[in-house]
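The structures come next, written out as structure tokens.
Shared between the two complexes below is chain A, which has chain B as its partner in the first and chain C in the second.
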Partner chain A sequence: MGAATAILTEDQRDCYQELTNVAMGQAADRLARLLNAYVVLPIPKVSVIENSDLNMALQGAHSDSSVSAVCQGFIGAGIAGEALLMFNDTSFASLASLMKYSGPLSQQAELELLMDTSSILIGACIHGIGEQLEIVFNQGHPVVLGQHCDMNDLLNHGNNGWNRTLAIEIHYTIEHVNIECELLLLFTEDSVKALNRKIDYLLD
Partner chain B sequence: MNLNVLICDDSSFARKQMARALPPEWNVEIHFAGDGVEGVSAIREGKGDVVFLDLTMPNMDGYGVLETIRRDDLPAMVIVVSGDIQPDAQERVKALGAMAFIKKPIDAEKARGVLTEYGILTGA
Partner chain C sequence: MTNPQIEISDIHWLMDILQNIDVGLLVLDRNYDVQLWNAFMEGHSGISPQHAKGKNLFEMFPELPETWFRQKAEPVFQLKTRTFTIWEQRPYLFRFSNSRPITGRSEFMYQNTSIIPLESVTRQADHICVIIYDVTDTAVSKSDTSKALESIEAMKSHDALTGLLSKEAWLPVLDSFIQRAGKGETNGSLLLLDMDHFRDLNGQLGHAQGDEILKRIAQGLQNLSGEQNCARLGGEIFGVLLENEDADAAVTTAERLRRSVSALGKGRANVPPISASIGVATWSKEICDAAHWLNCTDKALYHAKESGRNQTSLYQASGPAS
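Then we have the complex of A and B:
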């Protein structure tokens, strides 16, 4: 990581973390109202990582279980990124019961749950960060990367050719039930320069 | 003697944002703490007549600070300033003795509103 961290100063990293903190709180509030449950908010992790380390970081988070994942691109004001939301597959039974689904949980029903929750979490988070930076992000269509798959397969799919990535990781859990997901916001290296200019303006 | 105001947040950006949002004519001593543990020591040293408290912090979070204040009966009026805007979070901190809740991001208008509402500013 040594050289890679150089593209963010500590003040900038702190500022990204705080902006994320506010945005993820807004997203959690919307999810909490939908599920009628309390979303536990962690401290988000902001880092600059090499693409090869990204795979390792993600595998660390979900190495022992199968996952389902959605990604969605966003773009605005010369800044482009990708949001990636991964659910532990064990989460769907609890999600279904909180959303009052009845009957057996089909693959189709799980897909709906995945799309509904990801649209809320990704949408509100991107909007929340954009709002604080006075950027309007346009979101692309969400893409299901896979259901019930191994993280290795998922990541081989997503080799995007970026060298370094600003990564913001948010690990959401829901209190008292077995629901766990990881939201990852990835910005391209070129976008980080534009983002840092916005951040420096806030830090002034 | 001036009122002592403590800003307790793990983000230096958030601490600065909070300090800047305080009414300029409010004649107070401003102190800072970077987590709950530092916050509680500052309150014990008398630096927190009024405390602006974040919830999500390492070492000891805002809930821990509120519990400590209540358990040890520390003299502090606490205004929680948090990004966790779930209705549950607001109820929990009020139940733990917080006087008010401000949604992040903080701005001058929100700060003045709460300080005026609770009669803290008029005493300045």
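Then we have the complex of A and C:
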């Protein structure tokens, strides 16, 4: 654990948390406007995780049942990372009614919901963080990691060309309805150095 | 603005890039009227930019799913956020032909799209840009991969010669039966059928004839119990799950099976008699899982073999007796 935390100081961690607080607030606001519902804001969790712990980090988020997930790469000013949005499969019924999707909730309809929500949440969050750091992030195309799958199967195909990553976990819930999703922002190891420089500049 | 000459030439080559870039670009205003239409769009749609400009997108392409597209585009106008669609949602936004009409294996072009907000001087997003990516190759190779995986899965779960389930695929069927039986929802018997002296038979008839006999038996078992309830467990050993058959009924069925296997040899000259030995074990509360049940049935089968073959033997907890 000592080696893993070494790439972040306590101040830097607080700073990331603050940045994320602002960004996810903006994202939640957009989601709330889209869904016309109150989005509960959690405290984001900033940590440095080892490659081998990524699965565990994900599982902590959704220990039970099956999930659906999309990921999307982003890059800007030499800082690269990936956003991962995971929905507990039990969330889709409520999500469909909030987003006024009519018709039966097929796998296809769930994919639409997944894509619509991820566009909003990931886009706003990345944009919010970028804005504070004065970085324009370019987003790649989203990719569906899997629908109705076991958490363990979700990341089996990763290339694992990295050892350690900065992970920001945001657990969104929506008041009074059964919607739970987890947004995970993962930065590559190289990017963390560049990000830390930006952060240190803010801290000074 | 000191040198407008340069600005105009900059715009000129920027426009050249937009025209020639190999992705589709179109700009729409708040009414979904087309403001920009690049060469990719012109080439694939056959509609020139002059013709497209100012036309309403939905009037120009009535087959375009308006409600769906608005759902993706409105957040871009309202929230100034990017949205994306992928071919898994809808294969395409515009039905264009495959850009490789001869060697391409899909009739149409699969498309991903990004919709991005374009801000005016008032910081309002009053235009959006739709970017169309040709992802046909990705989509085709993904569907190839999943087809290949499916067929590997089918090969693993089915025996190639007879088409019956393999042992690996059948064990879960037995396990779920045992679970249901444990809850009192069903009961039944398990039957193992092993051909007698099959190696000799193969030697005398030839492997092609031997395979033919195995296929006939497999067919008979499928007709008897349904596809899910029988399997080829090894070379010439078959398993059959007889739902709702108690010991008496199962032994009767087994005897009928045994006689029809013997009948396969009738009418063949200079052929050793074809026969099978059968072991039967009826489900009881003591059976804990598929392996255990198979083991009990195997004991009965062994007893049938030991007692002279071409007969049925029923497993009893204290020891098998026919």
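Everything that follows uses one rule, which is that the second predicted complex is superposed on the first by the 203 of 204 C-alpha atoms of A that agree within 3 Å, B and C clash if a C-alpha of one lies under 4 Å from a C-alpha of the other, contacts with A are read in each partner's own complex, and residues count from 1 in each chain.
Note that a contact is a pair of C-beta atoms (placed from the backbone, for glycine too) under 8 Å apart; a residue touches a chain by one contact, two chains touch by 3 or more.
It should be emphasised that the depicted structure is a prediction, and the values quoted were computed from it without experimental measurement.
Visitor: Could you look at A:Gly123 and tell me whether it touches chain B, chain C, both or neither (first, second, both, neither)?
Guide: In the superposed model, A:Gly123 contacts chain C only, not chain B.
Visitor: With both complexes overlaid on chain A, does A:Leu85 touch chain B (first), chain C (second), both or neither?
Guide: In the superposition, A:Leu85 touches no partner, neither chain B nor chain C.
Visitor: Would you check which partner chain A:Pro42 touches, where first means chain B only, second means chain C only, and both and neither mean what they say?
Guide: The answer is first: A:Pro42 touches chain B but not chain C.
Visitor: I'd like to know which partner A:Cys15 touches here: chain B for first, chain C for second, both or neither.
Guide: Touch status of A:Cys15: first partner only.
Visitor: Let me test your reading of the model: by the given contact rule, A:Leu111 touches which partner, first (chain B), second (chain C), both or neither?
Guide: second
Visitor: In the superposed arrangement, which partner chain does A:Gly25 touch: chain B (first), chain C (second), both, or neither?
Guide: first
Visitor: Just chain B (first), just chain C (second), both, or neither: which does A:Leu202 touch?
Guide: first
Visitor: Would you tell me the residues on chain A in contact with chain B in one complex that are also in contact with chain C in the other?
Guide: Common to the two interfaces on chain A: residues 33.
Visitor: What does chain A use to touch chain B in their complex?
Guide: These residues of chain A touch chain B: 11, 14-15, 17-18, 21-26, 28-29, 32-33, 38-39, 41-43, 132, 202-203.
Visitor: Contact residues on chain B for chain A in the complex?
Guide: 10-14, 17, 55-58, 82-89, 104-105
Visitor: Note which residues of chain C are touching chain A in the complex, please.
Guide: Within the complex, chain C touches chain A at residues 68, 71-72, 75, 78-79, 81-86, 88-89, 112, 114, 133.
Visitor: For chain A, which residues are in contact with chain C within the complex?
Guide: Answer in residue numbers: 30, 33-34, 72, 108, 111-112, 115-116, 119-120, 123-124, 127, 139, 141-144.
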